[in-house]
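In the two complexes below, subunit A is the common chain; its partner is subunit B in one and subunit C in the other.
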Partner chain A sequence: METILDVRNITKSFNGLKVLQNASFAVQTGTVAAFFGENGSGKTTLFHIISGFIKADGGDLYYKNTPISHPTPVSVARLGIGRVWQNPRICKNLSVLDNLLLASRNHPGERLLNYFVRPGQILAAEKSKKSRAEEIAGETALDGKLGQAAGELSFGQQKLLSIGMLLMNEASLLLLDEPFAGVNAKMIDHISEVMASLKKQGKTIMMIEHNRAKASSISDTQFFLLKGEIMQKNDVYS
Partner chain B sequence: MNYLLHILVMAEIYIILGLAMNLLAGYSGLLSVSQAAFYGIGAYAAALLLVNTGYSFPIVLVGAIVINMIACIPVIAFSIRFRDLFFVLATLAWQVIIFTVLYNWVSVTNGPYGISGIPKPVIFGYQFESLPQFALLAGALCALVLLFFYGLHNSPLSRYFQGVRDDQLTMLSFGKKPGYYKAIAISISSGVSAIAGTLFACYYSYIDPTSFTMDESILIISIVLIGGLGTLRGSVAGALFYVLLPEVLRFVNVPDAFASNLRMMIYALILILMVMFRPYGFFGNYRFE
Partner chain C sequence: MTLVNTGAWYTMNTIFLQLAFNGLVSGLLLALLAAGFNLIFNTTRVFHIAHGSFYVGGAYAFYAILQLFSNQSLFFVLLSAFAALLIVMLFASMIEALIYQPLARKKSGQAITLISSMGVYLFMINGIALLFGNETKILELPLGGSIFLANVAIAPIQLVQLAVSLIFLGGVLFISKTKWFLGVRAMMSNESVASVLGVNTTMIRLLAISIGSALAAIAAILTLYDTGVDPQAGMAITLSSAVAVIIGGSLSLRGTILASVVIALLQTATAWFLSSQWKEGMTFVLLILVFFWRTEGIVSYKMRVEEQ
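Here is the complex of A and B:
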């Protein structure tokens, strides 16, 4: 099995407080990795660094054996690393369909110049992307809600929409920050099913989660963060 | 009849300004208070080209649009660096700078005396001299601008503008650069404002800096806030409301000494009531939080 993400000796401090200390681990392609730890143990900081939202003080990131030099949110997203935030970041005034289309990768309609030189391509892409968005809405149980404003969805449905948007973005590695937080048991089961389905499709998932029982049941690898250091689950309990 | 045609021309000019502002505030969430500056740059560019070069109206119109799109580069630089309140302050500074330049660069703008003798539009030898002819020309340009924004509204680009407005982190998370879409929105808005400025300059045959003050910028913002952000009919309704309301209030039977002030008070009261009871405006689908 290939390594999709290799994190080596990442360190990060805020005002002298060490949040991550030589954090190193590897995640294999097509697996689900869960990250556990107390509040303030550095889990979200780690996700921020991987997704390019904050810079590490030291250490290296490798995606598919290639170093990610100077990661920024845009460059990381374009590599195929997608992020779902703890509180779903969606465009609440846009419809579910428009949110999905907004996230789609390489839509020719993204670039102004294409409206002058390739208008036909934009129309064709819009049609095919809409059809893909409908498929993804089906996979995430949001079919029937495509025309609804995203802000009107329940919290759990907004999380599903965020995952759907990652799929539209054709992300290979999905970073999910507390996917089960703030949703009811039925929705937890539903999100778990969606994650299992994504794994079957070959997607790799990294998730931060406090619901250790549920997360352990669907993950292949567990990492435990303790004061900014990473240990594999076996290290903690052995 | 001339009175009604004058109102029609003013409505057409303010509909264009409202639509340009709506692209920024309504679609892209950029509350610019320098819209009068772009309106003014467009008007001055057109006036100077018409008076000094004698180019025909279509060439002047395109020239004014291009000059305005170049002049908006500093605002694009602000918008990439700043957002929300800081963007408002940056555009406020731009409005003050442009007004000061128009007022003090006497060798080019003729300063407070303004530019007079701006010729009426001539297209392929046909002169739009009379009021009905001008109303027709302004109406045609207004319809073209409406058509352009209708197309833009239904294009994928509109979705990215709204993405910038709703959540820039979302845009970044999916590999889209919000600054790119802000730059496009500001350029288009600025270019369209030049059309309104050109019409204004040709209509009055005279312009001076007092037509392009901060008050005018606030008025353009109030047009889209009253009409409703994020919809085309909102901008049209807001412009009609702004142009027609003072005319309706003329018929309030009060002594001339108080009439003007009373009209302004009634106008302000309606604005306050709108903000309190209809924060989405007449037809808006979005409001600033």
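Here is the complex of A and C:
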């Protein structure tokens, strides 16, 4: 199995307080990795660093064996690393379909001029992107809600839409920040099923979660953060 | 008695038809301006008072360029209009790059951007008045007299205004269906999400202010051949277009166009039955009435209660 993300000796301090100390771990392609830890243990900071929202003080990140030299949110997203936030970041005034289409990449229609000079290419792209969006809506159990405004969805469905947007964005590595927080038991099962299905498709998932029982049951690897240091489950038990 | 009633009914009917037609044409012109205001407001979040100065600037740029040609045939009119639009788009891009964009980077509040926009408006209007004087500029369309359809008098300029407005509003509605515009709508909804998803927000702002200002200039050029344009014409028309955006539901271009037509019909009827001085006042009465009925405007999006 190949390593998709290799994190080496990441350190980060805020006002002298060390949040991450030489954090190192690797995540294998097509697996689900869960990250546990008390509040303030550095989980979210770690996800912020991987997704380019904050800079690490030291250490290196490798994605598919290539170093990520200057990670920014946009450059990381373009590499294929997508993030779902605890409070879903979606466009609530847009329909579910529009949110999915918005997340699609390499659409010739992003350049307005192409509508006039390459209409055939635009039509073909719009057809294929729409059918992919419908497919993803099916995978995330949002079919039948494509025309609805995203703001009309329940909180759990908004989380599923965020995951769908990452898929539309062709992300290979999904960083999920507390996917089970704030949703009911039925939706937790539902999100778990979607995650299992994504894993089957070869996607890699990293998740921060406080629901340790549920997250352990669906993850292949568990990491624990304690005072800024990362330990794998086996390390903890040994 | 029956004959008199029929005659009165016939006259009233003709008046209503005439007012409706005049209102529709004015409404479509206002819709060009309001669609531009909508595009700029929703991408830059600036209450773009300076929109009125681009309206006036477009008219005066066209007027000045056209005077350079001794021949005022259709070719030179179109050439002058094209050049005027380019000038307006260039100025608008400069305002975005030099004022609005830096203020946005500094996360300035709406009060600061509003005052900056007012400053731009005053600077441009005073500059235009200094260069061209304060008198109304008006041009004549050499297309003969009015034609009559069902007793409704239709001036040739009204037909031109109707056709040109419909073409450009059709263009705006076409653009609103593109993937590029999906980026605009995403910015209207949540700019940070749009930017994380790879939407080039800087370029969208620049294009939106250029296209929006060009729409204002088109409306101004069409008005130049009708009632004319003077340097002070910008403020009232900007306020009317802002009201159209609010009444229509600020996130909807279709709502803005619909509201523009409603406002213009109301203004035309007010000018006929009351006085033209009450036109703007009645527009704001309509705004208040719509607020009582639907605070989010005519066209809005359903949301869960906790999302509103």
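Please note the rule applied: the second predicted complex is superposed on the first by the 233 of 238 C-alpha atoms of A that agree within 3 Å, B and C clash if a C-alpha of one lies under 4 Å from a C-alpha of the other, contacts with A are read in each partner's own complex, and residues count from 1 in each chain.
Convention: contacts are C-beta pairs under 8 Å (C-beta built on N, C-alpha and C of every residue); 3 or more make two chains touch, one makes a residue touch a chain.
Quick caveat, the model's predicted, so the values are computed rather than measured.
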Q: Have a look at subunit B and subunit C on subunit A after the superposition and call it: clash or fit.
A: clash
Q: Could you tell me if A:74 is touching subunit B, subunit C, both of them or neither one (first, second, both, neither)?
A: both
Q: Answer with first, second, both or neither: which of subunit B and subunit C does A:127 touch in the superposed model?
A: neither
Q: Report for A:152: first if it touches subunit B alone, second if subunit C alone, otherwise both or neither.
A: second
Q: Find the residues of subunit A that appear in the contact set with subunit B and again in the contact set with subunit C.
A: 73-74, 77-78, 89-94, 98, 101-103, 105, 107, 109-110, 112, 115, 122, 126, 165, 169
Q | Interface residues, subunit B side, partner subunit A - complex | A | 155-157, 159-160, 162-163, 165-167, 169-177, 184, 230, 285-286
Q) Across the complex, what residues on subunit C touch subunit A? A) 175, 178-180, 182-183, 185-186, 188-190, 192-200, 207, 251, 301-304, 307
Q.
Which residues of subunit A touch subunit C once you look at their complex with the stated criterion?
A. 73-74, 77-78, 89-94, 98, 101-103, 105, 107, 109-112, 115, 122, 126, 148-149, 151-154, 165, 169
Q: Could you please specify the touching residues of subunit A with respect to subunit B in the complex?
A: 51, 53, 73-74, 77-78, 82-83, 85, 89-94, 98, 101-103, 105, 107, 109-110, 112, 115, 122, 126, 165, 169
